[in-house]
Amino acid sequence: MTEEMIIAGFGGQGVLSMGKILAYSGIMEDKEVTWFPSYGPEMRGGTANVTVILSDTRISSPIVKHFDTAIILNQQSLDKFQDSVKPGGTLLYDPNGIIHPPERTDINIYKVDATVTAVEMGNPKVFNMIVFGSYLKVRPILTLDNVEKGLEKSLPVRYHKLIPLNIQAIKKGQEIVESVLEV
Amino acid sequence: MAKVIGAVVVDKEGCKGCNLCVEACPHDVLNLNKEVNSRGYHYSYMENPENCIGCANCGVVCPDTCITIYRMKI
Amino acid sequence: MELKDLIKPENLVYDKSKVQRDVYMHYCPGCSHGVVHKILSELIEELDIQDKTIGIAPVGCAVFAYNYIDVDWQEAAHGRAPAVATGVARLNPEKFVFTYQGDGDLASIGSAEIMHACNRGENILVIFINNGIYGMTGGQMAPTTLEGMVTSTTPSGRNTDLNGYPMKITNLIAELPGTSYVTRQAVHTAAAVRKCKRSVKKAIQNVLDKKGTSFVEVVSTCNSGWKMTPDGANKWMAENMLPYYPLGDLKDSIKGEPISEN
Amino acid sequence: MAEIRLMKGNEVLAEAAIRCGCDGYFGYPITPQSEVMETLMAREPWNETGMVVLQAESEVAAINMLYGAAGTGKKSMTSSSSPGISLMSEGLSYIAGAELPCLVVNVQRGGPGLGTIQPSQADYFQAVKGGGHGDYKLIVLAPSSVQEMNDFVDLGFELAFKYRNPAMILTDGALGQMMEKVELAEFKPRWTEEEIENKFGVWASTGKKTNRDRNVVTSLVMDSEEMEQNNLRFQEKYKKMEEEEVRYEAIQCEDADFIIVAFGTCSRVCLKSVELARAKGLKVGLLRPITLFPFPNKIIKELARKSKGFLSVEMSAGQMVEDIKLAVYEAGSTVRVNYYGRMGGIIPTPEEVVDALEDKFSWEISYGVKRSY
Amino acid sequence: MAEIRLMKGNEVLAEAAIRCGCDGYFGYPITPQSEVMETLMAREPWNETGMVVLQAESEVAAINMLYGAAGTGKKSMTSSSSPGISLMSEGLSYIAGAELPCLVVNVQRGGPGLGTIQPSQADYFQAVKGGGHGDYKLIVLAPSSVQEMNDFVDLGFELAFKYRNPAMILTDGALGQMMEKVELAEFKPRWTEEEIENKFGVWASTGKKTNRDRNVVTSLVMDSEEMEQNNLRFQEKYKKMEEEEVRYEAIQCEDADFIIVAFGTCSRVCLKSVELARAKGLKVGLLRPITLFPFPNKIIKELARKSKGFLSVEMSAGQMVEDIKLAVYEAGSTVRVNYYGRMGGIIPTPEEVVDALEDKFSWEISYGVKRSY
Amino acid sequence: MELKDLIKPENLVYDKSKVQRDVYMHYCPGCSHGVVHKILSELIEELDIQDKTIGIAPVGCAVFAYNYIDVDWQEAAHGRAPAVATGVARLNPEKFVFTYQGDGDLASIGSAEIMHACNRGENILVIFINNGIYGMTGGQMAPTTLEGMVTSTTPSGRNTDLNGYPMKITNLIAELPGTSYVTRQAVHTAAAVRKCKRSVKKAIQNVLDKKGTSFVEVVSTCNSGWKMTPDGANKWMAENMLPYYPLGDLKDSIKGEPISEN
Amino acid sequence: MAKVIGAVVVDKEGCKGCNLCVEACPHDVLNLNKEVNSRGYHYSYMENPENCIGCANCGVVCPDTCITIYRMKI
Amino acid sequence: MTEEMIIAGFGGQGVLSMGKILAYSGIMEDKEVTWFPSYGPEMRGGTANVTVILSDTRISSPIVKHFDTAIILNQQSLDKFQDSVKPGGTLLYDPNGIIHPPERTDINIYKVDATVTAVEMGNPKVFNMIVFGSYLKVRPILTLDNVEKGLEKSLPVRYHKLIPLNIQAIKKGQEIVESVLEV
């Protein structure tokens, strides 16, 4: 199993930390992982994206041209990465602020209204965990158990009390994700 | 004694919502908008335009030079 | 009376300088750099020296200053702006040359270059943005970081035993006979900005009059690096930075005046 | 049991330093490697192992602090990125000239000049041919994974002390910023003063004891005959390294018609290119130099005899390609060595490498035989 | 009529600078080249041509003053010796990245480190492969007589301005300290501000006129795609130099079985070696690269086809020899390239070069045919 | 009484220190460097710290200091001795570390390193030989060269317009809170040598007591560079250098004391 | 009051003839020799040994540490 | 004609300036010249030597192993350079301070008591010109006319008044040089 994915959105949406939890959860399943962020001063208030690869074997290139999965959290990122999803691959997006939704017809497209749901849940910070949950639903490559362990590993101990809330958000995400197109 | 009145125009798109003008205004004219501009910032606007005396404090402190100020004696 | 009657060219009292380029700046919201850029743009316009001004941009958050102030620029290596300015000014004595440097740039890696340019009395203006931190690289300790201040390289606060003392480099600069005007200003209130502008104007005039090096420190905020809101940073600065870096002129004399006798 | 973590390359450099018993780190912030010092400062190893971490006023100061520290026989290191390493050139030449063991990390970014902060491999020449003045060599290690970022800290020190020569980890912003699973090493105690005296009493400046002559750490030799002897000794040392310390990884090279040569980040990309090419029926192998100096000449000479061509893939205008050509020439071969690369902070994709290979060796691929110039 | 004088190489660098209309010199004392600045200071050219001469606080400051001066389109130069040039590495990379024309002189001494103050050629790699970070090239001129020390100042500026690229005169302590007869050039006026504007208004920072956009001298390009374009442009420029600016002297190479390749001081020594060898009946020629970058590859390729071997003679551990091998390899030849050199500040004698040649090519000499590896 | 009755071990009152190595020094006749070397050797012997002393030699005429004083040494790159000393001292806090630097070394190329080592309050002794010239390289101007003084790079005398001002770097050093003891001494008379020795002793003691950076400037002669006889140079120094660089303690306090408030 | 007498021994070969000891002596004891040592220097010697009080001034100023001093009360 | 020579002695004996005048005089005869000194800090009070080459054709190596002529002014230099004179070449020395005189039998050896003569002439500074004169006598490769021109060129104008004295010293040197051995 090798899953090559990109997560992209605004800085502040928790893009990098979602990738990190993913990677940590992968480690809990004894997978090889690579987390490769874009970096630079434009990150200050600008866009952020991270390539995450999980694999059962040695990971070769951290630079990926065609992704198995793209998790897209704003229009800019959608425009930039839509075409990079492999035919038959998966694109998951939050429709908030999206004016031009994805147009590909050869990939699986899902959407999750995480922005709205997070506000509804009374905590905008769980936004990225809702998205993460949706991802786990459509690409069940990790068990929730290991994700919980991943959370434990990636969060400093003082934040461990927030893990139940995060798990709740993940479950919520699993519930609310909608299929737009399945190929 | 002649009264001085003033008005400001905020470059909505240029504003980064830093709130410095709001703090700098001696007459509580300005505030940040609930809405955001296309760059995601809660931009500044004249909440109480009638109070403005055109002192230009807001303009002077704005790091992004988004405020144009007008003043006249009446 | 309606706003549209007021908002008319004849009532205009404050507007963006023509010397400021019409682009968005990359600075974080509320960053002091923007205010100082504005002061410089306005004065270059007011003094009508756009065609003879050459700015030296640092490496630091102001590295893109050349995109904002509409004059000729040179981007200098980190810390070396005073040397670059020396090269420019010596070979072009009729130009107005200024450097624009951060505290990491000027007081750390570039401390030899600033001391010696000032000691030679190069006919340049130095703008020194002291925000007590390395903004550009993500908030590391600068020489001017206050004791106890948290930065990414002093996560438990600057400890003078390990990291030395916050450096009042402007005081040292004032001791050098090559400098004629040395002042410390801030831009955290409208009054401070206006005062700072007057100081910078005087400093520019000094250079135009070939009086040697003029040096303007601007005690500034870096709300991102300090992890504060812009107003919070201004307040923190007033309460913490200014007592250690008090505002005012440190020197207003003529070049060549000897330093304190001992 | 070994500790497994998910860490950035830069963070792991810091952690590995603490664990391998490093005595001191001196550095100056620069993107994309500032996390090395930041991690160290957050870890406060002075409380744990006694390791000293100091933010220097500049890279020039940092490299000279390193000189001083290394000159007392302490395990010391610095890290920086391209412009900062350039500023260290004089110091590096001094360190090599005074034969001080220490570790320098270059997390490369795109140049020349201020350039970009994105990853690059364009400091290859600087690292292997000597950016500073005079004839000297660094031992240059090129990690290609976060795990190797970890492993090469200890290895770098080991080689540095073995040869009394500065070692460099030549990596780049991608590996510095990337997180991967890493198996951390066990903690090794720092050397005590006695151990240092026993190991290096011969040369380190630890305070003159009555039972020995004073020790002087210096690169100065005014007399030319004597200085030439120094130089010859250095050259002997470098030759010994070439004989004993070459490290590389050869992947699917046995039956390969074409050998991609790539190190660091590029080698990761090219590993996938090999897969892609093989999937297309092209017999491609990957040679990954791990030591850039000493360069794996011998294996290249061997491969030169059986392969139809080499492709050097670099994030530069083509630097390592020269060393490959030199090895091929010295093998008495004239097989073609081509270069493909990207610059400005761009990492090539696996696909474009395969395209480049097909393009540059289209003649060889069509006719199935090698061609020389 | 041209003025003939007996002058030291270092003095002549200063005099030539004044005469060719140089606007500014920035330097820091270091043996064996301090006479350059001393001569300038004694000449007080500011009274004569208006040229500015400034003693900087360090080599780091000097190279950055040069950056500033050159960035205004002025003809500016610096000089130093090996350790000082190392300190200039970051600045040189910036100058190359910002494409500023200027002249840098390295009067080499023996390294690494503080080493010796005696002559050396061990900064060859640093000069031609780029001692600083990133992909860049200097135009490197290697004078071999005091006359050329004179001539190459003007030539260096000419090439620097033609390509908007820093040029370097790579010489050594022997040529700097040696006196020879020299024919000085006529005085050329310094460029006026208008001439500079006309020539370089496009890029130099001379003060923004209303009729043009602001000029920015910078090497910073945050965007990788754009930075790659910059890099590609630089590479184009370097390629053009390789096509158009190669300079060399070939002496008795037509019928030569063996080609000695040597530059600068060594080429003078080897000129005599050729005489000695010919007197012994050995057909030896001398190829003297004048431009070290661009390197005279073409003539080497030609000679590779007809000769039985090359001997690179250097005051280093063997640096230029790599470029000769690369050229030979690219000629599809496997003819042997050997190296002979001295280090530590020692200049080889003509006799020992002949001995080395006979020794290293004893096989070829005995059997009269070429041999490859 | 005959000389041979007087010249007996029990009457010995002054002899070469055992810490001074038994080799001829390469200095020009009458060079101040030798006198300062002697002071250091004597004190290292008197304080019994030979086995814990690590000296940092500069590039300058004293580059071979390691051949004369019998302790462990490191030869530093030009100007960088304070950084080298920092590396040594931080990792070896129980050693006594000193730098020995010329005015070109310390006040010109190495000005950043000395300012920052002193600002951090590195626990080291700095010996600063101010002879107003670059001795080693043949007599070029140093930052401390007096106005009007002839050197090989100021053949018509130092002109402050072109070359800047003679730099009182020790005064700046005294302003830095990391230094605890800063003094300016000379060795041109027997009395001055004795006084200088007392100062160096105090400075060493300060370092042994971990009080931060101690800094001893020795106003010196370079008769070769000045093109004078040794006595002539001493006289010239007393008449010309000392009025500008007056002798005495500039600071005797504890580390961390703030610099003058402004 | 006890009188103090002194004597110095100059390391003839080490002396560089700089004359500093000669200048430093308060009692005109020393002078430079007309002869040179093997290194070509006119070395210092006691011209008026009877005047020496063993004050060590000469030794203290000698840059090359060539002077050993003896003193005794009589 | 090519004359490769070394002049060696103590710093302060005027070794370098003698070489310089030789070179300048050579230029006056339209010869190619090279003057290559030893340099370094050891020159401070130590030894000094300079290689001078005069030639009618392009001068190749400034580094010479075997000299046509050696002018030797102290013992150290004699020890160092005696063996470097080509068989049949010339060695000229001042016997002052020489304990072990030259022992070669295959070269022409001359001596000139210049130290003593200079003192006799009341001006120790003309020492090197006396030696120079002796050299010109035994190796008459330059005319006195051109030497005078060379002096003019090499001396700053303010010293031109000393030229007659120098010429006098040269002539004296030509007179007093003694042949020790001619082969």
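The first chain written gets the first letter, and so on, giving A, B, C, D, E, F, G and H; residue counts start at 1 in each chain.
One rule holds for everything that comes next: a contact is a pair of C-beta atoms (placed from the backbone, for glycine too) under 8 Å apart; a residue touches a chain by one contact, two chains touch by 3 or more.
Given the structure is predicted, the values throughout are model-derived calculations rather than measurements.
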* Count of contact steps on the shortest path from chain C to chain E -> 1
* To do: Please state which pair of chains has more C-beta contact pairs than any other pair.
  => D-E
* **Distance from the mean Cα position of chain G to that of chain B, given in whole angstrom** => 85
* Structure fact -> CA centroids of chain G and chain H: separation to the nearest Å works out as 40
* To do: For chain D and chain G, let me know how many angstrom lie between their CA-based centres, rounded off.
  => 60
* Residues of chain D that touch two or more other chains: which are they? -> 31, 54, 57-58, 60, 83, 90, 94, 98, 113-114, 117-118, 218-220, 222
* Taking each residue of chain C in turn, which ones touch at least two of the other chains? -> 28, 63, 75, 77, 108-109, 111-112, 116, 136, 143, 163
* Structure fact -> By the touch definition above, chain H meets two or more other chains at residues 40-42, 45
* Asked: How about chain E: which of its residues touch chain H in the complex?
  -> 4, 6, 31-32, 117-118, 173-174, 177-181, 265, 268-273, 275, 347-351
* Asked: Considering the complex alone, what residue numbers of chain F touch chain G?
  -> 1, 3, 6-8, 11-17, 20, 24-25, 27-35, 38, 187, 189-190, 193-194, 229-231, 234
* **Touching residues (chain side chain G, partner chain F) in the complex** => 5-7, 9, 14, 16-20, 23-24, 39, 41, 49, 54-65, 67-72, 74
* Within their complex, state which residues of chain E touch chain C. => 23-24, 26, 52, 54, 56-58, 60-62, 64-72, 74, 76, 90-91, 94, 98, 205-210, 214-220
* Mind listing the chain D positions that touch chain C in their complex? => 28-31, 34, 37-38, 41-42, 44, 54-55, 57-60, 83, 113-114
